[in-house]
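In what follows, chain A forms one complex with chain B and a second complex with chain C.
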Partner chain A sequence: MTFVAKPVVHHPKLPLNEIGLNRRDYEGLVSTLCAGCGHDAVSAAVIQACAELSIPPHRFAKLSGIGCSSKTPNYFLGNSHGFNAVHGRMPSVATGANLANRELYCIGISGDGDSASIGIGQFAHIVRRRVNMLYIVDNNGTYGLTKGQFSATNDKGSTSKRGVPNLYEPIDLVSMALQIGAGFVARSFSGDRSQLVPLIKAGLLHRGFAFIDVISPCVAFNNHNGSTKSYDYTRGNAASFVAADFVAPHEQITADYAPGEHEIVRLPDGSELHLRKLEEDYDPHDRTRALAHIQEASRDGEIVTGLLYVDSDGTDCHEILDTVDTPLSVLGEAELCPGEAALDGINAGFR
Partner chain B sequence: MTTYNDFVIRFANVNGSGSASANGMFAKALFRMGVPISTHNIFPSNIEGLPTWFEVRASAAGYHGRREGVDLMVAMNAETYEEDVAAVVPGGYLLYDNSAGLDRRLFRRDVNQIGVPISKLIVSAYTDPRQRKLFKNIVYVGALSALLNIDFDVITGMVSTQYRGKDELIAPNIRALEMGRDYAREYLECPLPIQARRTDLVGDRIMIDGNEAGALGAIYAGATICAWYPITPSTSMAEAFENHAARLRVDKNTGQRKFAVIQAEDELAAIGIVIGAAWNGARAFTATSGPGLSLMSEFLGLAYFAEIPAVLFDIQRVGPSTGLPTRTQQGDLLAAAYASHGDTRHPLLFPSTPGESFEFAAAAFDLADRLQTPIIVLSDLELGMNENLSDPLTWDDRRRYDRGKVLSREDLDEVEEFGRYLDVDGDGIGYRTLPGTHPTKGAFFTRGTSRDAFARYTESADAYTENMDRLLVKWRTAATLMPAPEISGRRHRVGIAYYGTTAVPMAEALDNLVDDGVRLDTMRIRGFPFSDEVARFIDAHDFVFLVEQNRDGQMKTLLVNEAGVEPTKIVSVLSYGGLSITADTIRERVLKHYDENNLARLTEVSGAAGADGRRTSRQ
Partner chain C sequence: MKVTDIGNPDYFHKVVDCQWGCPSHTPVPEYIRLIAQERYTEAFMVNWESNVFPGILGRTCDRPCEPVCRRVRTEEKPVAICRLKRVAADNKGDIGPYLPPVPKKKNGKRIALLGAGPASLAVARDLLPLGYEIDMFDRDPAGGGMMRSQIPAFRLPAEVLEEEVDLILDMGVNTHFNYEITSMKEMLDMEYDAYFVGTGAPRGRDLDLPGRLESDAHISIGIDWLSSVAFGHIDSISGKVIVMGGGNTAMDCCRTSKRIGAEAVTVVVRSAFDVMKASDWEKEEAMDENIPIVNNRPPKEFVHDNGKLKGIVFECVKPVADEDSGRLNYVPTGEPDVYMECDHVLMAIGQENHCPWIERDIGIEFDKWDCPVLDEVTFQTTHPKIFFGGDSAFGPENIIWASAHAHQAAISIHLLCQGQDLRRDRPPQGVNLISQKMGVHEWSYDSEHDPAKRFIVPHANLDKALQNIKVEVELGFDRALGLKEAQRCLNCDVQTVFVDSLCIECDACVDICPMDCITFTENGEEEDLRGRLTAPAENVEQDLYVSGKLGTGRVMVKDEDVCLHCGLCAERCPTAAWDMQKSVIHVPQLGTYPE
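Showing the complex of A and B:
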C-alpha cells in the first residue's frame, strides 16, 4: 500500500467530460490494498468508465460485502454514498437500495469468497430478481484478508503458495448467472482495461442485472506458478469470443467492421454496444449455447472473456413489481398515507 | 336458569376440512348481534388431516382472554374425542354427528349429548364429495343457530356477502344452514339454557387480528418496502400488507404501485433488503418469528452499529428452535433486546391489542427514523393471528411522519462540516444523509467496522469507545421516546405488571381477585428501554407480580438488568405451554403466593381501604 496522499489540485490539462468534470472527480480515497493488486485496476476501470459516461459522481450507490474486494468502493467515486455490508449479504442490501431509489446507478463490488461461498444464496437470488445494477466480482480464487485459503472459485488442482493443490470443484459464477437468467453476463481480466472499461459502461447502462466476473489476481497469495488465477496464467489462457465497443449516443462509429461481423445492441439511454464476433459460431444472445461454449472452453483450459451474453430487451425488478417511476424514497405523506377518511371504510370492513 | 352472551364454544375439527370459514362465520354472527367475543385458533403445523380447534368466547362483561372449561363442544374429530369430552364443564353440552350412533368415547354422564345426523343429512342433499365435506361444517353452524338462538338472518346475510360474485355458492350454503337449523328445531330442545341475545355491548368496535392491523399501521406510516420470508405466525402480516397496499397504494392514473413486496430467499435477505432500502431513504419493514429473528441477528447488529433505521415485527411463537410453531409465547424478549454479538441492544414495543398493533406499527417507523436504529415490535401468535375485538383504528390527518435527522441538499449547502456520527445536539443522534443528495457534500461510507465521527475507518481505541458511549447516550434518548407504561391504582401495597398479550386476561383476573380480597395496582409495560416510571412503580410496592408467557422470566431479567430492579421484588407468574394464559391461571398463582407466604389479602394503604370496588370490565 502507499501512504503518499494524492494531490488535491487537478492537472489543468486533464480532459473534462460532458458535465465538466475530469477523471479525478470520480476517484476515492487512496487504496490500502497491496501494490499490484488486481482490484485496484478494477477500481481504476470503474473510475474511467463512470467519468466517460458523464454521470454525476454522487448519483451512484456503491455496495459491497466483506473482504479485500469489498473495501474497494472506498477507492472510487468519493462523492457517492457507499455501504460496506456484512459478509456475503451485499445482494440483499443492494436489492433494498435499488427498490428504494431506482434513479441511482447501483454498483455492487464483491469477491469470490463473498459471492461464491457465504453469499452464494443471495447472489443466486439477486440474479433471479433482475435488480437493475452492475455487479462486479473481483475474482482472485483466494481469501486474501485471512491469508490465502482457497475460495470456491479456485480451480481444482490449482495450487496454493505452498504447493498444496485444491481438491474441490470450482464454482463458475458466470455459468451460474447465465443459468439463472442474468440479462448481461461478462468475464474480464483486471489486466485488460481496454476490454473492462466498455463492459463496465455497458453494464451500468443495461437495464436489469449486469454481471461482470473479473479475474483479479491476488499478488500476495495467489499469483505464483501453479495458480490458475495469476497474472501470467490469465494472460496466457484468456480467449475472447466477442469484443464489445461502447458507443455513447452522440459518438460516431469510427471503426471499420467487415459486414456481418458486427452487431449493434441499443442500451436504454440511446448508447450502443458494438459487438464484434471473434469466434464464428458464438451467439451472445443465445443463453443455452453461450453456456455450452463457456463450459467447453473451460474443459479445454481456456478462460473465456468478453461479453458472453446480453439480452437486448431486458426487464428489471421494478418492472416486474410494477412500481411507480418516482423513487419510493421520495414519496411523502400525501402519496403514501391513505388518511383519516379512508379508515372509515377500512373499519367498516371489519364489522 | 338461562344465561345470555356468556359461554365458551370449542370446535374440534380436522384441519384442511374447511371448518375455519364456517367457524369464523359463527363467531362473526355473534359479533354482529352486538355480543363481545374473542376467538382463539389452536391449529397444527400441517396442511391437512391433523386436529385443530377453534374457540369462541362470548362475554357480556367484555373479557377477551381464554377461559378453560368449555360450555359447548362441537366434536367433529374422532381422533380427539377423549380430550374434547374431558374439556367440557359438568352440565355442559356436546354436539356430535350421530349418523353412526353415539361413539362410546363421547359418553360422559355429566354432559348433555346433542346428536345431529350431519353426515346423513349431507349425503342425502349433496352428491359432490367436496361439497359434502365443506357443508358438514355449515350444517352444524345451522344447528347451533337454533340451539343458541342466533339470528338466522345475520348468518344468511354473511353468506351472501362472503360469496358475492360467486352467487352459485350462496343457495347451497343457505340450504346447508337451513338443514341444520330445521333438524335442531324439530328434534332437539331449542334453545339451550346458554344463549345469545342481541345487545349493543360491541359499540363501534371492529373484529380484526393484530397482523392485519399492524400491516395497516405500516401502510399508514408510509412503509413502501416489505421484505419477508414465510414463517408462521407472521406470514399473514406481509400478505395483509400486500393486499391492502394493492388497494390503497396504487397510482390512480397509471395503476403502478407505490410499494414493493419481496418474498426473500430467507430471513437474512429479508432484513438485508429492509436495511438497504432504509439506508437509501425508504421506510421498510420485515415480519418474522423467533427462528427468523435468530437468522437476522447479524444484520441487526450492523444496523445498530451503522445506525440505520429498520422495523421488524416479531410475531412470537413457542421456542426454542422450531418449538411449537403454531402456539403462542413471549419467548423472544432477550433474543430481540440483545440480538447480535458485541454490546448490541434494540428498542422493543409490546402491543397488547389489535388497535395497538396498528398504533405501534406506525410509531415504530417514526422511532426508527428518529433513533436511526432497528425497532422491534414484539407481537405474538395470540395477538397476530386471532381476530378479536378492537377499538376502531384511528388516524389524525394532522400527524406528520417524523423522518428524523436527515439533511437535505439545501441543509448541506449550509453545513460547514458534516460528520455522520457527530453528536451535534447532545442526544446521541447524528445527522444522516441519503445517497444521491448533494454533488460534493455529505457522502460517507456506511460500515459495520469501527469508524470515527466522520465515518472514517479507524482502529483507534478512543474513537471506538467514544462511539460506543455515544450509542449509550442515544439509548437514554430512546428511553424518553418509547410509549409510557399504563399505570393504574397507586394505592395498594402490591402491584402486578404485564405486557403484550398477558394484558388480555388481566381485567378478568383483577376483577376476580377483588372478590378474593386481593387488590393490586397495575402496570402495563409498553416499551423497552424502560422509562423511569417503570422502576418507580416497582419501587413503590412491596412486591410486584410479573405475568409472562415464557419459562425464564425474560422481562424480569430485562427489568433487573436494565432498570436496576431488585430481583426479590418481582414475583413471576409464568405460563408457557403455548396456549394463551387465562385469568384463572393468573388468579390461582397470585392467591397461591399470598397463601404460601401468609400474606394478608386486603392490602390497601390505610385511608384508601374500600374506596375502590370498581370493576374494570374493559381495559
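Showing the complex of A and C:
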C-alpha cells in the first residue's frame, strides 16, 4: 500500500497512441493493495491493453463486486465509467449497463471469491446470456480482502499459510464458462504480461462474453510453499497449448508470418488474432475437446494458460434479444415508452 | 551485459549528475537537503569543505552542475544549484565550531604558494590543519586573485569575497602581498619543501590590426582594465564603448562600462551568438541591461584620426557548419563591411598563460602552448617539488576548477612531504551506501516529487543597479524561495539498490515506476538491451543497472537516465528487493580521510 501519489511526470519519450494519449492517461488512482499483489499487475496489463487499442477512456465501463480484486477498477482507467457492486452481484450490474448502452466496452473485474463462491449463480447466468463484455477473474485461490480464507477455486490439498490443507474440490471457472457457452475463454498469469495483454485486447474486441481467468498471486495470504496459486508454483507448472498474438489493423501490413504457420481469427473491428499451436492436436474451436484437454492437463498437475477457446463468429445478448442498434441510453422517452396504444397492440399479440 | 558493480565508486557517483559534473564533486543533494531543513550552517560547511568558496561560488560559479542536472532530462530547467549555495552562505550562523583546528606546533615542512588566487587559497586551506607552514606571495595588495581583480562588485560584493578569503588567511597563512615574483630560481633558493604555482593566466590577448598601434591610447585590454577598475585606478569611461569578444570578460567589461559612465556600449563578437564563450545567463544579464550583442562581425581595422580613435570596420560573415565535423566555419556574406563609431575599445578576446619569470632551465618543462608539462593526477611538474593548479595549470578555467586542482595538488604536496609515492599512495575513492528506510512508508528523505518550475532569482531595480557599480544585481533567493527551490531537487544521491536474490518478479516496481525505468528481460549486449526496455534507453551517457540472473532466468535492467529517485519502486516491492540507499561518495581530500 502506497501513500505517496504517483508523480504526474512521465518518461519524456512515452509514445502516444492513435488518439494522442499515452499509457499514463489510462491509469487510475495509486493502488492501495499489498505491495506485490498480482492484481496490480493485472491492472497494469489492462492499462497497457486499453492504451494500445487507442480507445478513449470514457468509452469503457468498469464493473466489479467486492474483494481486493474488485477494488482494482479504481486503479485503472481513471476517466471512465465504473460501478462497484455488492459482493458477487457484478454480473447483474454489468448486464444492465450493457443493455442500456451497447456501445460501451464493459470490463468486469471479479475475484475467485466474488465469482466462484458468493457470486457463482450470477456468474453462470451472465455467461449463458453472452453479455458483450470482458470478464476477468483475478484468481488467487483465497479471500484476500477478508484475510486469507480458502476460496472455491483453491485446489484440494493445497495448504493455507499455516499449513492446514483444503478439504474440498475446486471449481474451475474456465471449464464452467466453456460448458455454458462463453465465446472466448482464456487463462493467464499476472506475471506473464506478454501473454496477458494480447488476451485482454482480443477479449475486449470479441463480440459476446469473453472470460479470462488470471492466476494472480496473493502475496499476503497465498504465496507460500503449500499453495498452488503462488508465483513460484504457477511459473513452474504453467503450460500453454496455443499462443495468441493480437494484431491491430494498422499493424497487419508489417506482421511478418510464414503462411500456414498461423490461424487467423478476425475480430469485429478488423483486428486479427494470430493463433499459433504449441500442442499439435489442440483445437481452440472445439469446445468438447478443449474441455477434455484442460481436465487432462489438470489431472497431470499442469496449469493450462493461453487462449483456450474462441468462437470466431460470436453472438451477444443484444443479437439474441434483437434489440435496436441505437443504445437504449440515447433513445428519447417517446421511443422508449411508445404509449398506451402500442402497449395495447403488444398485449393483443398475447391474446 | 555484466552484472553492475555498485561497489565501484564511480557507478553511483555518475548517477548524481550534479556531483559528477562538479569539478570539486560537491555533494549537492546533501547540502540542498540541509537547506530544506533550514540547517544553513551545515549546508555551508558541506560546501566549504568541498569547494572552499560557497558564498563566492554561489554568486559566480560557472555551474557545470546545472546543465547536467537530471531535472533537465525529466522536466526542463535544472535545479538552481548555484543560487541555493548562496542561500546557504547568506543564512549561515556561526561556523566557528565546525572549522578544522590548526595546530600551533607546525610539522616542520614549509610550503610556498605563488599567487593568492582561489587555487593557492584552497591549497592553503587543505594544508594548514595538517601543521604545514604556508607562505603566500602575490603582487596584488590583497588576496583573492582574479576573484578580486576581475569579477566586478555588482556580481560579487567585496564583503562576501573578503569574508571567505580572510577565513583562510586567518587560519595562519604568512602573506607576502605587493610582492612581485620575478624569478622562480630565487624562489627555489628559499628552500621550501614544496612550491605551488597558482599565478593564473594573467595575459589578455591583443589583436594586431591596422590602426591598432596608432589608437593605443583608446584601446584597453579587458582584464587589465577590469582590474584597474577593481583596484580604483579607473573610475570612469566616457563616450561610445565597443567591447570586443564573447566570453565572460566581455560581459563584465560591457556591464562595468555601462555603470561608470559610458554613453553607449555595444558588444561585438566575431562568432555566432550560440557559440559565444559566455554562459547563457551572463548573456541574458547583459541584454537585460539593454546592451546590444552583435554577432558574426570579425574586426578589420581601427579607424583613427591622428591617433584619436573614431571607430572600427567589421566584416560580415555567417557560420556554416562543416558537413563532417559539424564545426562552424565563417564565410563572408557578401554584404558591405560595417563601420561602427566608438571612442573606446575594450579587448576581451581571451587570456593566456604567461610566466616569463620562470626560468626555462630549472627543470620545469613547458609545452608548445607555454603551459607546464603536468601529471594530470598529481599536478606535479617535471620538477618534483613544483606543482601547478588553477588557471596556470591548463589555461584559463574558473574558480571551481581552481579549487578542484588545489585539492589534488594539496594531497600530492602532503604525500611528497611525508616521503610517500604521489600516485601509488594516493587515497582511493570510495562509496558508502546507507539505507534511508525509516518505517513502512517512511524514508529519511523527502521522496515525493515536486513538479514546480524553477524559481526566478529576484533582481535589484535596474536603474539603481546601473548607477552604482557596487550595487549587487542579484538579490538571491530569500529563505522562503530557497526552501521552495530546494524541494525541486530529486535527491539523486538516494540510490535505487537492487538485490536480485530477494526479487519474486511480481512486476510491482515496473508498474509503479512513473518514468518506466525498470524492465525484467532476457540479458543481452548493451546496444540490444537499450532498444528493448520498457522505454528505450537512448541516452547512452547514462548507465544501465543490470542485476544477476533471477528465478525466471531473466535479469532486471534499470535505465538510470530519468529516474526520479522517488522511491516508489522500493515502496512497492513486497520483498524489499529494492531499497533506497544514500550513496556517500568519498572523494579524497586532505582532512577528510584518516591520516
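FYI, the second predicted complex is superposed on the first by the 323 of 351 C-alpha atoms of A that agree within 3 Å, B and C clash if a C-alpha of one lies under 4 Å from a C-alpha of the other, contacts with A are read in each partner's own complex, and residues count from 1 in each chain.
Just so we're on the same page, a residue touches a chain if its C-beta (ideal position, glycine included) is under 8 Å from a C-beta of that chain, and two chains touch if they have at least 3 such contacts.
Computed from a predicted model, the values in this text were never measured in an experiment.
When both complexes are superposed on chain A, chain B and chain C fit side by side without a clash. In the superposition on chain A, contact of A:307 is made with neither chain B nor chain C. In the superposition on chain A, contact of A:210 is made with neither chain B nor chain C. Once the two complexes are overlaid on the shared chain, A:325 sits against chain B while remaining clear of chain C.
Legend: residue contacts after superposition of the two complexes on their common chain; A:231 is shown touching chain C, with no touch to chain B. Using C-alpha centres, the superposed arrangement gives chain A a vertex angle toward chain B and chain C of 130 degrees, stated as a multiple of 10. Contact comparison for chain A: of chain B and chain C, B touches the greater number of residues.
Of all C-alpha pairs spanning chain B and chain C in the superposed arrangement, the closest lie 20 Å apart. Overlap of the chain B and chain C interfaces on chain A: none, as no residue is touched by both.
Only residues 73-75, 441, 447-449, 451, 504-508, 510-512, 514-516, 535-536, 538, 551-552, 562, 564, 566-568, 571-575 of chain C touch chain A when the two sit together in their complex.
By the touch rule above, chain A contacts chain C in their complex via residues 1-14, 24, 30, 34-38, 40-41, 43-44, 190-191, 193, 217, 219, 223, 231-232, 235.
On the chain B side of its complex with chain A, the touching residues are 31-32, 204, 206-208, 216, 219-222, 224-225, 227, 244, 248-249, 251, 254-262, 264-266, 268-282, 284, 298-299, 302, 392-397, 400-401, 433-440, 443-449, 457. Residue ranges of chain A in contact with chain B, taken from their complex: 56-59, 61, 63, 73-74, 78-86, 89, 91-101, 103-104, 121-122, 124-125, 129, 318, 321-325, 327-333, 335-340, 342-343, 346-347, 350-351.
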